Amino acid sequence: MSKMTVKLFASLMEYLPVNSTKSHGFDYKITDSTTVGYLIDDLKLPRNVIHIVLLNGVYLDAETRDETVLSEGDTLGFWPPVAGG
Amino acid sequence: MQMSLVIDANKCTGCLQCEMACSYEGEGVFNPTKSRIKIFPFHEEGIFVPYTCTQCDEAWCMHACPVEAIVLNKTTGAKEIVNDLCVGCKVCTIACPFGTVNYNADSGKVIKCDLCGGDPECAKACPTDAITYQDANWTGYDKMKDYAAKAMPAK
Amino acid sequence: MSWTKKVLRINLTKGTCTPEPLNMEWVEQFLGQRGLATKYLTEEVPPTTDALSPENTMYMITGPLTGTMASTAGRYSVVTKSPLTGAVACSNSGGFFGNEMKCAGWDMIILEGKSPMPVYISINDDKAEILPADEIWGKSVWETDEWLHAKHQDPQLRIAAIGVPGEKGVLYAAIINDLHRAAGRSGVGTVMGSKNVKAIALRGSKGVTVNDPKAFFETTTAAKKILAENAVTGEGLPALGTQVLMNVINEMGAQPAHNYKDSVFAGASKISGEAMLEPRESDGKPNLTRNAGCFACTISCGRISTIDPQHFSIQNKDDLHHSYHANSGGLEYEAAWALGSDTGVDDLDALTYAQFVCNEQGLDPISLGSTIAAAMEMFEEGVITTKDTGGIELNFGNAKAMIECTELVAKAEGFGLELGQGSARFCAKHGRPELSMTVRGQEFPAYDPRGIQGMGLGYATSNRGACHLRGYTVASEVLGIPIKTDPLETEGKAGLQIAFQNATAVFDSVGICVFTSFAWSLEDVAPQLDAACEGDWTPERLGEIGERIWNLERLYNEAAGVGASADKLPPRMTTEPATTGPAAGKVSGLATMLPEYYAERGWSPEGGVTAETKTRLGL
Amino acid sequence: MKHLIIGAGPSGVVAAEHIRKFDKSASITIIGDEPEAPYSRMAIPYHLIGNIKEEGTHLRHTAGHFDNLNIKIINDRVTKINSKNKSVELTSGGSESYDKLLIASGSRPVSPPIPGIGQPGVHSCWTLEDARAIAALAKPGAKVIQIGAGFIACIILEALARRDVELTVVEMEDRMVPRMMDSIAGNMIKDWCVHKKIDVFTNGQVSEIKKVDGDHTFKVSVKTPNGITELDADLVITATGVRPCTDFLEGSDLIIDDGIIVDKNMQTNVADIFAAGDVAQGKDFCTGEYTVQAIQPTAAEHGLIAAQNMVGAERAECGGTINMNVLDTMGLISCSFGLWQGVEGGESCQLVEKDKWRYLNLQFDGDVLIGATAIGHTQHVGVMRGLIQAEITLGPWKDKLLNNPLQLMSAYLACTQSAEIKS
């Protein structure tokens, strides 16, 4: 088992596991074949709300998102649709 | 079924959409100064309070009118100004303990909320549901009445 | 017809207030607000004019939708020649001032000349007066607001004012209306101060009408529905404000930190929109009290915040305005990054305090924060010392130092007066011009051009100097609006920037907020305009107007000497690769994008507006 | 059950209508002494201006309103009440019996003791009949002298001015509307009138009205501290106050002070006789004393309370009415509420804006508003009544009001909707 970091932002913060410090992310255990899609389902994140997914800061396209396999030390961030300026 | 305007100040963002909707419906112009509903900002408390006639049962304005120019709309419960009859004496403006009947110097008559005949524009325009028009039986109507009672104890 | 077709021309030298008709022919070509006032500027103020001389003129102007029920339709712009950049300045503000101007019966207020003594302008419908301001000269915006409300005894008076920095020549002074809405950038407040005008107090009772009320209600209602149902404008912005971006931009490695040396800031999450919602220890309340809307705004991204009552910034300061201990206009992302990550400060309350100071005194927090950050870098390199700073230990991450600098600029005293000249002049003075993160003398906003390539091109070509609001390709490159593009790629960015620049010029000329563009396209704007005022406003025509406005601004800048020669980024962006995050190893590809940009604009390879383009656009 | 009501003004009519609401079968009769449909004196000035026709002054507008409610209206005048056999005698010679009697006979203008006051061309302005006579004489260019600058006097000024007459006002006191306005307010209204090209004599007394031959009908002598001035006049209007109509009650057992004394149920000292409106001396909310208020809202409220007690449906009580007035003096709108003079030991604040024709006077007892005067403010003025009558504790808002009385509406909202406004 190896570990990576999951960060949930904005309205997705309500899906944070109990006791995790808010926007600083939490550890998530993965196997060699854990995909982003698996993680989304495991954490019960609402797919219709997820808009921006950054894997180590790089945007994951919606098409390839589910199949992307996670690696040790990765950081995965989720956002609903947001914008500012 | 009686409906009433229910105001939740905690949802108001102070955008004045209600004032514009009201002034357009009532006076044909986007002009907050001619609105029958007003937003009062409390800057340091960080709150905005929408305020208009509660169509109270006591209807001080209606009873004080010397020429029967304020009448009850039995369908909506609104107390409505009959413009053709209003002489502009302003007695209702001092009689209403909520201060929601106001003199309009341009027309020489008074204006107040009439619930737009049962389809209040302010509620439709409010983007945050701070103003809603709801079935009086299960909304804050009682709260409004409490408030009316608080501001005007039983005689 | 939503225009009043009337302009109030105030000649401060002569002391006259004269009504004149709005030039409706120019309306056909340039719409309103940003476009129309720029046309007035180009016709009336020679491009080589000294921005702080009486010969410069300032235009406060509404758009055709300002004052109506269309969502966000309370905007006005201040157009003038900028003292910071020497280019055209156009700063846009919300609040309740623009609609009040329209309600008073004026589309535009023109301030020309210079008053021999401090004055303020009082406008009550048709009645306009130039009145003495001796008692408020030297006071803050908030004090001025209170004084004017008390003097006129009218709680509904709408006021736009400058603080001390605007009076004393700080080059990035803002005009603040309604206590905390700002016409913020390019020193428009400095121009107002140079004319000896402290404030404009407005009261209007006339109201605004529209050409086709039925169509107007239908189309604006439909457009509001689009905003409400859009996840960004209906949910994200109301809940977290612009500050929602802090974590996004940081995670993707485009968060400028330490004067753009770094593009990731370790303390970002502590000063983010999310952090503003977390209850603090001292009183159990979060920084954010609620969201608030400008006039007619159905998005309501405005932040109403309080400073932690235990925070050092507000302890034992008897002279602080009472609003520092109450709710007031809180942090926006652009202020948070500039005062925060760029200076290395991760103290949310320190930033909120500095934001309050900027509101109270009328300062652009972007230019302020950026200039402080540049000074910090020079301090750490030993270029300047405590001798220069007046004793301030100006290291990155020093919240107290950031606050002291902010206060000094707000008072325009000592070292503050030097910082008040902006980063370009400050760095040049100390022999390190390359450390100034500016274009045309205006400080960068919050997106590292090495990590978001389109923005680099945007900064370099922005007509008002570095700016995010001229062509916000972040929407596409980061947020996927309207389509997702790769932020690290330069290909296609020229066309993307041009599309954003032209469309934004239209949004800025209508009287609505540019944030509606997260959900609206010109297809949504055109029918609202069409119902509000006569004319045939199609999306195609609006697109052309946008391009015309952009080229008009460019022509003015060319003649002012800040055209193509100023289309460049600081060397750090083009020669020092980013060190962390996805952009590590990357520099800005401006050199690749710029020729494409010129070509797609129909300009010469040197970046000049060609005769063909001028003819095509009727310029 | 037979209900008899003396007086067809607002109080009598409101009472009659409410009796009908509570008792569908009772007999209800109103005796009115003017040959008109029940009308409102409040509306007369607007009729004189020409804003409304005579019918516009009527209290009720629906055709057959009183018939439909089975309310009988008799045009007659009561000369005597026999409380023993429960009947009243009428001028016409007849009589009417009652089970319950309401005296709502209103008030009538006081005629000042001035030589020449009784002649044609000298009128009060109280009835529709008076209005017709004034309208006939107040032709453009006519010289009109109005004696008195009280509430009624001020309200008809505009009507006269609009008729392009040359108008002079003579008031005994040192200011206009002395019984409703303090010195600052009364003088501001005076200045306004002068600004509107009306001659105003304060501290002035008309000593004689002499009929003369020549271009004008009268020579009027006005005595002021500066001496005597002789003025021409074609029409003299007396508006020096009103007094309850109680003369027909001589010999009844009713206790009469300024008006008929009533308890909180509007009941007089005589069984089954009630009184309401201008004729009744009822409880004043602010002072707790019994006074004649002679104002429209009080008349309506009295009528309502009396009706409820006359039918015995419930024992409705009047906790006291607030003395309040609103006045439109040629476009300058003023109002006063409760104890606008203040009380000993109470704090107050006055905001005077002469250049804007605005004035606001707030009077407090502790942290409760007890009285107010306003000139030139027309928005949300009713909250002054609300704050006074609900005796709302202002807490910290009292000091804010002392500092800036224009924050009245904010204070009102903060104190009545405190659930929402937390600081």
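In this document, chain identifiers A, B, C and D correspond to the written order of the chains, with residue numbering beginning at 1 in each.
Simple rule for what comes next: contacts are C-beta pairs under 8 Å (C-beta built on N, C-alpha and C of every residue); 3 or more make two chains touch, one makes a residue touch a chain.
Every value quoted in this text rests on a predicted model; they were computed, and no experiment measured them.
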Chain closest to the middle, measuring from C-alpha centroids that were averaged per chain: B
Chain of greatest Cα-centre distance to subunit D: A
Inter-chain centre distance, subunit B versus subunit D - centres from mean C-alpha coordinates, in Å: 27
Subunit C-subunit D separation of Cα centroids, rounded to whole Å: 58
Centre-to-centre distance between subunit B and subunit A (centres being mean Cα positions), rounded to whole Å: 49
Centre distance in Å when subunit A and subunit C are each reduced to the mean of their C-alpha atoms: 34
Touching two or more other chains - residue numbers and ranges from subunit C: 326
Shared-contact residues (touching 2 or more other chains) in subunit A: none
Contacts with 2+ other chains: residues of subunit D: 410, 423
Graph class of chain-chain contacts, one of line, ring, star, complete, other: other
Interfacial residue positions of subunit D with respect to subunit C in the complex: 351, 353, 356, 358, 404, 406-407, 410, 423
Of subunit C, residues touching subunit B in the complex: 67-69, 71, 96, 103, 156, 179, 204-210, 213, 224, 228, 238, 289-298, 300, 302, 304, 306, 322-323, 326-328
Complex interface listing, subunit C residues touching subunit A: 230-232, 235-237, 239-245, 247-248, 251-253, 269, 272-275, 278, 301, 333-334, 468-469, 472, 474-475, 478-481, 484, 486-487, 514-515, 518, 581-582
Contact set on subunit D toward subunit B in their complex: 10, 14, 40-43, 46, 51-52, 56-61, 296-297, 300-301, 304-305, 316-319, 324-326, 328, 331, 333, 335, 337, 378-386, 389-392, 409-410, 412-414, 416-417, 420-423
Of subunit C, residues touching subunit D in the complex: 150, 153, 155, 326
